[in-house]
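Next come two complexes, and both contain chain A; in the first it sits with chain B, in the second with chain C.
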Partner chain A sequence: MFSKEKESRILLLSYTLPAFILMGLMVIYPFIFNILISFSNMSLVHFKDWKLIGVQNYVQVLSDPNFAYTLLKTVLWTVLNVVFHVGIGVSLALFLHKNLKGKSLFRTLLILPWAVPQYITALTWRGMFNAEYGWINLALSKWFGISVPWLSTEWGAFTACLIANIWLGFPFMMVIALGGLQSIPEELYEAAEIDGASWFHKLRHITIPLLKPVMVPAITLGIIWTFNNFNVVWLVSNGGEPSDKTHILVSWVYKSAFTYFRIGYASAFSMLIFGILLVFSWQFIQKTKATESVYG
Partner chain B sequence: MRRSRGLSPFGKLFAYSYLLVFTLFAILPVVQVISISLRPGNQLLSKSLRIIPQDATLENYMRLFTKEPFLQWVKNSVVVSTAVTLVGTILSATAGYAFSRYKFKGKRLALFSILTTQMFPVTMLLLPLFILLIKIHAYDNYLGLIIAYTATALPFTIWQMKGFYDTIPYSLEEAAVLDGCSYFGAFWRIVLPLASPGLVITALFAFMTAWSEYLVAAVLIQDQNLFTLPLGLKMFQSNMEVSWGLYSAGAVLVSIPVVLLFFLLSRWLISGLTLGSVKG
Partner chain C sequence: MRTFRFRWLGWCCILFLFYCSPRNPHRILVWHSMRPAEAKVLRQALGRFEKSHPGWEFRELYYQNETARTNFMISALGGSGPELFWGASDNIGPFMEMGVIQPLEGFFSPAFLDSFISEPIPACIWMNGHLWQIADRVGNHLCLVYNKALVPKAPETFSELIRWGQKIGTDKNHDGKPDRYALAWNYTEPFFFVPFVGGFGGWIVDEANRPTLNTEAVRKAAQFIFDLAHVHRVIPLECDYEVANALFKDGLSAMIINGSWAWGTYLESGLDIGIARIPKIDETGLWPTPMVSSLGYSLNVNTKGEKREMALALLKYLTSTPVQLEFTQVSKCLPSRKDGFQRPEVKNDPIILASIDQMEVGRPMPVVTEMRWIWDAMRPGYQAIFTGQKTPEEAAQYMQTLAIQLIRENRE
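Up next, the complex of A and B:
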């Protein structure tokens, strides 16, 4: 490839520098600053005269029983979401890949949740989960005679957030899976049919293995995005209602930082979230070799 | 058509029911918002399940334009989103190209650190930014917003563009350079036009990042005259009894352009996105 020429050196710099300066400004600087204040006592009281106090913030986060509880809840949130996203997305893609009349109409309508801005999704679902006037309870009481206190209980609100986020996330997986299916050569299925393979065999031995390299990077990203999905949890539960019970890690940090201004605490907390994700993704990438094709 | 993609009658029935159930799930909230946006003021808290409300009216839409600062928010959002789209597309078109075509020290590290940025919890960037802005009194300024959005969109769009360039054979540029074209010329005249589907998706992604972002804006913008659409709509939604209709009408109007763009581009989306992620 271009490697020795002077022209290409200059070009390389001018291709990459602007992007890196911008990301450096917005990512590396805050990152380093965040590390610094995570070891400090900065808060609303000590905003100007803050000083380094060592690992106290980290100790405080880790010794809070709420941390372990919220972490577990976040893991549950992530697993449930990604399982539903992938399950729904891939199964829909399998059907949309068949020769069905009207499939492009279905495909268009099914992508809709992805196209709608995320905050509108969240605010709209919050309206729909309203106990008295929301569509969901009106429909439930009309058809089944029940009414669920969605947003006023801990697990009701969790379920509401979960449903809203499943709605929002399955089209991404569906689109990725559709693309993957298109790249599987038809001949493989034909050959398998000549050998008398059943529907299940074809799924198990052709579709799934060949879909895997496409899905694994998408799933990795999906897990990271869901673990850190602030918008849906925050906007559906209106900042963690009822009484700060509906939080995943990232929404709780946000509340500590911007409602309670426990700045040192919140930045230590952010570092821990980042650490968890980094270790997880590294393991996941190693195990699944997700980036093998990517680093080419 | 190929036999293997046909279905038995029973399979067909099952496929259609399955697709139908999820399609209904997908359009339900959308139908709801449209329905509420058409309700007259005295029926906002109606308990009816009708899709087209009794006495349907465009009153909410009229009020949005005449009595509320909706147009101002639209203008603000358009300014911010256009800037982000332009800057984001240019920067990822060039940086993605460098990652695809050049070998240089620290390339793997750079690519991995781009991926790591996706793991930052949002507070990790927002908190230092917030402190910085307080210290230098740079509140209520679009420049901060534009830089923040572009930087958030870049990691994904650079990867996306790199994946796209990787699918374009290198021999095309070689031939062009042998014919006396400069390296930049080969990129500009040969590769870039071939990568236009990737560019379109990158632009769409950058635009959507800016058009739909709530959180950073909520921290950086306090002045109501500078509110972008998400901030404005959230304001309606927070007193839902009064403004549910206004919120819904606004939500419909805000979503229309992105949904249309999305559908227009959905063909490219499917090929571009998978090319980007698979062959990356």
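Up next, the complex of A and C:
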């Protein structure tokens, strides 16, 4: 017979063990294996007979001028996306937080881009960006007499991916901000109103500081997701077209791994991306003290 | 109480063990990239085969070309995957090098293998002395497809096509682009560019399968396609596979360059189509040379024992003439068995005859692994011509350098 304490330990273990096993199989083992093959020559022709080759893959990635360029582009992609996601999301949340007629209808409509599968949204945007038959250019040429070669130029394709991802991303920030806004006590606004505070003052001194604990983790997640957002870039630009110029780091890693089958090189590349995101997230959370309220 | 606490753990273990139990040992799975109409024929064939083999299950699963290839490599290396893989013969090089398929020559009699065609393209794919794939169709090549309601007779030469295209390509609604294009196709994809390299007297690999991309033929072919879009305005300025298909189906393009895999969908949409050779290049007097390959079945390296016996029996059935002709009826693809070519439904079909006619000027697609890297090397350089980032001269040089680099890096 087990003692009460032992029984409770066994129970605790039985609750957590499945999660540990799954995490071990799905995350820890692949992660360690990825580290190992990042030091190997694993490729299409050395898939079974791969061997360790030291830091050669890391040197190759870091000495490739494309790495720095793609990294900068990825940072630009992330910053622009997150700025628009948060800007549009919070603005819409502020708008929906008011007592509006048909509020629930607006809320449902604005969440729709998030509800539609990314794959479908991205391909629909790709069609809409076609230079000759997409409705964006048809509208631009009808109203302004201009036509933009969206998908056939480097920055045109980048902008197309950006617009598609902004469309996909703002509902998440809106929902989070809306939740945060609902948790701000109404009394604070009433007190500020009695003190004669303007709308802007209330926003600056009540809304933004009280939204911060909710928004900072959401922004951190948003940055990580956007930095690693493979789907939109890949589908809208049709695998990095034109001329492999529309890549962010993860889409390039995917291409290296599953088109070129340079597995060792791609693993080293992915470890560097992991390092960048780890350092960034750590610093961001430290600086913004986002988890303080949670951990006390 | 304790019994209750631990009961759920017991159930979890049972479920886990059930999930981990080996797959149905009497199920044969076929992965393929067939279009819906063809997939339906495959399903029907599997259904019939299942009826005659009680106790066995036969299933098919569709993946898009690239995904099928990648997923098959990964799953077969991991010790699983489908028993049979259906795809183009250019998969064979990488599959063989990775050791994910097994040789087939020991399982079939010479008489059976002799019943497949070997000219102009072999239906049985041999490499390094072993047989790796048996085709259920050959060709898979590009042809000129024309909408008979708009083009009564296909143009013989490109100058004819351009003249005619400019006549029909007026801009009546003044939106800055022709109301209808003479031709549309996925011209920024290297596979769809290659026929024109042949039309200018070149090819993308030599006899030793080394890349030959920095040549006059490649430069001229690229410039020629660029001019069709930007100078003659007979093809759209921006066109991928889906756009080209949509334009053709909607009657906004009178012709399209596409392969037999798509013809079934045109016929289904009610289009009255004709097939012809891609028009001759006036400057050289040569016909463009599309790549010709075969499509067929390979056996997963992990398929052993009675499953292998059954998978091979299925392979034999799926490559039999009657089944091949069912596919031919739906998609107008060319059968791979000699006797299939003698059947009236093949001999008397104008679309199939035109497809054979195009195949005669095509060139076999090399099945070596190097082709993968050559395709990958061509894409960025070639596409840069249409974005104005590279001249055809610069692009040709870039493609060649990148192809050599990719081959070297991957062979290291």
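Just so it is clear, the second predicted complex is superposed on the first by the 288 of 296 C-alpha atoms of A that agree within 3 Å, B and C clash if a C-alpha of one lies under 4 Å from a C-alpha of the other, contacts with A are read in each partner's own complex, and residues count from 1 in each chain.
The definition used in the following text is that a residue touches a chain if its C-beta (ideal position, glycine included) is under 8 Å from a C-beta of that chain, and two chains touch if they have at least 3 such contacts.
Please read all numbers here as calculations on a predicted model, not as lab measurements.
Chemist: Aligned on chain A, chain B and chain C: do they clash or fit?
Modeler: They clash.
Chemist: Report for A:20: first if it touches chain B alone, second if chain C alone, otherwise both or neither.
Modeler: After superposing on A, A:20 lies in contact with chain B but is clear of chain C.
Chemist: Taking the superposition as given, does A:92 touch the first partner, chain B, the second, chain C, both, or neither?
Modeler: first
Chemist: In the superposed arrangement, which partner chain does A:111 touch: chain B (first), chain C (second), both, or neither?
Modeler: After superposition on chain A, A:111 lies in contact with chain B alone.
Chemist: After superposition on the shared chain, which partner residues are touched by A:70: those of chain B (first), chain C (second), both, or neither?
Modeler: The answer is neither, since A:70 touches no partner chain.
Chemist: Report for A:57: first if it touches chain B alone, second if chain C alone, otherwise both or neither.
Modeler: So A:57 meets neither chain B nor chain C here.
Chemist: What is the contact status of A:81 with respect to chain B (first) and chain C (second): first, second, both, or neither?
Modeler: It touches nothing on chain B or chain C.
Chemist: For the overlaid complexes, name the partner, chain B or chain C, with more touching residues on chain A.
Modeler: B
Chemist: By the touch definition at the top of the document, which applies to A:165: first (chain B), second (chain C), both, or neither?
Modeler: Neither partner.
Chemist: Quick check on the superposed pair: does A:246 touch chain B, chain C, both, or neither? Answer first, second, both or neither.
Modeler: neither
Chemist: Going by the contact rule set out at the top, does A:258 touch chain B (first), chain C (second), both, or neither?
Modeler: A:258: touches chain B and chain C.
Chemist: Counting clashing C-alpha atoms after the superposition, which of 8-16, 80-88, 134-142 or 206-214 on chain B is the one that bumps into chain C?
Modeler: The one stretch of chain B in steric conflict with chain C is 134-142.
Chemist: Mind sorting out which residues of chain A both chain B and chain C touch, each in its own complex?
Modeler: Of chain A, residues 7, 11, 14, 18, 127, 130, 132-133, 138, 142, 258 contact chain B in one complex and chain C in the other.
Chemist: Under the touch definition given earlier, write down the residues of chain A that touch chain C in their complex.
Modeler: Residues 7, 11, 14, 18, 41, 43-45, 47-48, 127, 130-133, 138, 141-142, 147, 149, 151-154, 238, 241-245, 258-262.
Chemist: In their complex, what parts of chain A are in touch with chain B?
Modeler: Per the touch definition, chain A meets chain B at residues 1-3, 5, 7-8, 11-12, 14-16, 18-20, 22-23, 25-27, 29-31, 33-34, 37, 88, 91-92, 95-100, 103, 106-121, 123-128, 130, 132-133, 135, 138-139, 142, 167, 170-171, 175-176, 178-180, 182-183, 186, 189-190, 193, 213-214, 217-218, 221, 224-225, 228, 230-231, 234-235, 249-250, 253-254, 257-258, 263, 266-267, 269-271, 273-274, 277-278, 281, 293-296.
Chemist: Where on chain B is chain A touching in the complex?
Modeler: Contacts found on chain B: 1-7, 12, 15-16, 18-19, 22-23, 25-30, 32-33, 36, 45-47, 49, 91-92, 94-95, 97-99, 101-104, 108, 110-111, 114-132, 147-148, 150-152, 154-155, 158-159, 163, 166, 170, 182-184, 187, 208, 211-212, 214-215, 219, 230, 233-234, 237, 240, 244, 247-248, 251, 254-255, 258-259, 262-263, 266, 269-271, 273-275, 277-280.
Chemist: Chain A touches which residues of chain C in the complex?
Modeler: Spelled out, the residues of chain C in touch with chain A are 2, 5-6, 9, 12, 66, 70, 73, 77, 94, 97-99, 175-177, 188, 236-238, 240, 242-243, 246-247, 369, 372-373, 376, 379-381, 383-384, 386-390, 406, 409-412.
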